[in-house]
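Read from first to last, the chains carry the letters A, B and C; within each, the first residue is number 1.
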Amino acid sequence: MTTMTSRMSEAQIQPARDASRWILTAVLMALLVILPFVAPGYWIYFAGLLGINIIAAQGLNIMMGYTGLLSLGHAAFVGVGAYTVALLQTHFDLPFWIALPLAGVAAAVIGVGFGLPSLRIRGLYLVIATLAAQFILQFTFVNWQWLTNGDVGLPVRPAALFGFAFNNETRIYYLILAVMILLMIFANNVIRSRAGRAFVAIRERDLTAQVLGVEIVRYKLLAFALGSFYAGIAGGLLAYFNQYVNPEQFGLLLSVFFLSAVIVGGMGTILGAILGSIFMTLLPEVLRELSLLAGATLGYDLGPILTPLREAIFGVLIVGFLLLEPRGLAQLWRRVSSAISRSRT
Amino acid sequence: MSPVQLFLEYSIVGIASGGIYALIALGIIVIYKSSRTFNFAMGEMMMLSAYFFYAAAVTFALGPVLGVIVALICSIVIALVIERVAIRPMLGRPFISVVMVTFGVGSIIRGVVGMVWGPSDLQIPAILSRSPVMLGDIFVPGKTARGFAIAVVIVVALIAYLRYSRAGVALRATAASAITAYSMGINVRNVIAFAWVIAAVTGCISGILMANINSLTPHLGLVALNVLAVVILGGMGSISGVLVAGFIIGWLEAITGLFLPTGFREITPYILALIILLVRPNGLFGSKEVERI
Amino acid sequence: MGGNNGLGRTSAPVPQYACMAGVTMLQVDDIHLSFGGVNALSGVSVHAEKGKITSVIGPNGAGKTSLFNVISGFYTPQSGKVVLDGQEISRLKPHSRAYRGMSRTFQNIALFHGMTVLDNIKLGAHTNLKSGIISAGLRLPSARREEVELDKTIQRDIVGLLELDHVKHKHVEDLAYGLQKRVELARALVMRPKILLLDEPVAGMNREEKREMSRFILGVKKDWNSTVLLIEHDMAMVMGISDHVVVLSFGKPIASGTPDEVRSDPAVIKAYLGTADEPVQNAA
């Protein structure tokens, strides 16, 4: 009897839930598309930056959240993508639709280069290898003068497609939005496939995964390459977005930023990486506004301590969420939305 | 000066600065032994201690001796707070999560120190004499030589303490098997807290020495990440092993300085780490574990 | 509940081996395994016949789990060989053995938490699928078809047979112990293994759950003509469902035969220090 009733109610709920999800998605899409017509320019700039952060964080989420491969060097792989775009444009004048995928590929190749020796074994070795990647790559950006132009960095011209240049906030926003949506759908599809199940299996119980026929090293490599690819694409977009690259952008602090975004959002959910990125991208802005407010009302200038304050807050968020809500904002979101749907019925 | 002599001089200076790294490594391994936790906040604990010393000795004008004592006490308190608030609740969780927590703790300390003391270099009162020490014809900078001496004394004292004290025995029992230790009546939680205290002491001394030899900035602790990298690859098995790893890092940094531009010093340990990973995937002394399924 | 256990299903392509009884599916020959001088297995041989249930029993520490880990490829024995369906697999890694048609369950349930029952079961079909990340990420028709086929197969062959329909969308950690064990069995079955290794399938279960599990194992054997090798503590269960029993003691085989032969074997009674009476009563 119980089986019957639960099946029936499930059958009734399913279409309704699907419909409301479709409506929600459509509304969200419409909002994202009309945003530049209604919001001030600064918001558009900001939304573009957010889109880039979401792509990079989703990459880290695939590695860390789904497959359990902790990377402390994600920012450096973003940097590889950014420099790839800058160099391909400077030296070969490649258009963005070739340079951008190559940025992803370059980051994936270099990422796998660093990760390969340690992906064969379990334990902390990958963490060390990614930390090594962070420091060695950043060192390379600074010191390989003739290639990277050192601390000064390289200029980047706006991306262009058939003569149409993405040369202002609104235009680059649409480009980033399109790439982001494609990559989110791609990630979501992968996660719900054979490969995605293998990723989670490795994270949860790698020995059992082997018994089921999952080639651990192969799938770890795939996850690591895919995550680094996302980082590279984010970096390439960032280069077009800022129209310059320099080494300072890709320091350890940015790696900590992505780490916090994934943890705060909720490891191992697509939605989590998105929510976490929104939260973490908004946070410095909120802090900046607060400091302006504090400066105006209290006559106290918070400006100089903003960077360390940000660093401290990143840390508090990492520790706090891991201790108190390891499943992150995505879990809070689920709780809230299920409470709403329950109160409606 | 002949190339051989130059090499020798750099080697000796390098090994001498490795004394401090050995001290840091000791702090890392003691925590690892107690609870299989990799402390990515070791460098920040070290850096914070140096700032405590600065605050006590300069800001409150207590002088160097009281300054060291106050810094030690504050460092121990902070270590105990970290252990109690952030580490203890994470015991039993995947080690990756614990690593991330210590990493987050490090980020908090860096941020707080940056807010309180700012990003610029601070001058701390010299507790080490500058007058150089001559070993035959070889010239060793005074601070490095004396820093080495102090580090070695502390390392030897702590190792003796760990070997012969009750607390040390409890630590070793816990390292061998936490469950057995627990069933024998050892309070494993206290052992872990004790390990954090030892790490606080080594961090504090190495931080103050480091700030004396170089200068005091919020980046002082980054070097501990290098030590951690090499120590992990050297194998977390034995205390003597990680001490050797510390000296090797010091030597390697000095030798890199001899052949390559100074910037390379920062990444030498990581290049070494990658080479070890390529040649010996299980770490230098690592062995393939047999696990129960 | 008993009515819809799917035994009457007709559409599944069930291989008919029934007439080929007597053929050895898994052959484990003269295994010697030691850890740092301690012998875990000395000269153990087990043959699992096609379409039959073969059981390995023995007191704690007899080497049963070590034997399974040798068969799965986690431990490399010092000598001896493992042959599956006529092909030697002694040197293969665990995942390659899965591709050759070996699957197993674990003594301590080894399901993937944070996944639904259905996704856990789908993982069991990993070796039967082909799609890679690009075809899956782009949702190419081939990848989509494969996933739809898999859903259908699981629904038709597994969910009904093991009575999992009411829980298939639940997260595994929300299930009762006995159900979790059943999900693990489902995961091991979905690849249609040539040999199914069951590591203490009824450990920690109550009587009701044990009886259910025995029924499912017999159902699998009858319906699919599966070859099963199981290790188990519970004598009543082993004696009730096995066709052939091998007894280990301190890493050595001390007896083998039908349940009845083993039950009356003096060596077995001795190894169990008198407790051999118990299964006789239980099985009756």
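By our rule, a residue touches a chain if its C-beta (ideal position, glycine included) is under 8 Å from a C-beta of that chain, and two chains touch if they have at least 3 such contacts.
Remember, it's a predicted structure, so these values are computed and weren't measured experimentally.
Averaging Cα coordinates per chain and for the whole protein, the chain whose average falls nearest the overall one is A.
Put simply, the chain farthest from subunit C by mean CA position is B. Per-chain CA centroids place subunit A at a distance of 33 Å from subunit B.
The centroid of the Cα atoms in subunit A and the matching centroid in subunit C are 41 Å apart.
Distance between subunit B and subunit C, defined via averaged C-alpha coordinates, is recorded as 50 Å.
Touching two or more other chains at once are residues 293 of subunit B.
In subunit A, the positions touching at least two other chains are 207.
With touch defined as above, residues shared between interfaces to two or more other chains in subunit C number as follows: 74, 106. Only residues 2-3, 6-7, 10, 186-187, 189-190, 192-198, 200-201, 204-205, 207-216, 222, 226, 268 of subunit A touch subunit C when the two sit together in their complex. Contact residues of subunit C toward subunit A in the complex are 72, 74, 93-95, 98-99, 103-104, 106, 110, 112-115, 119, 122-124, 126-127, 129, 131-133, 136-139, 143, 146-147, 165-166, 169, 187, 191. Only residues 38, 86, 89-90, 93-97, 99-101, 103-115, 118-119, 218, 225, 228-229, 232-233, 261, 263-264, 266-267, 270-271, 273-274, 277-278, 281-283, 291, 293 of subunit B touch subunit A when the two sit together in their complex. The touching residues of subunit A, when paired with subunit B in their complex, are 68, 70, 72, 114, 117-118, 120-121, 124-125, 127-129, 131-132, 135-136, 139, 142-143, 207, 256, 259-260, 263, 304-305, 307-319, 322-323, 326.
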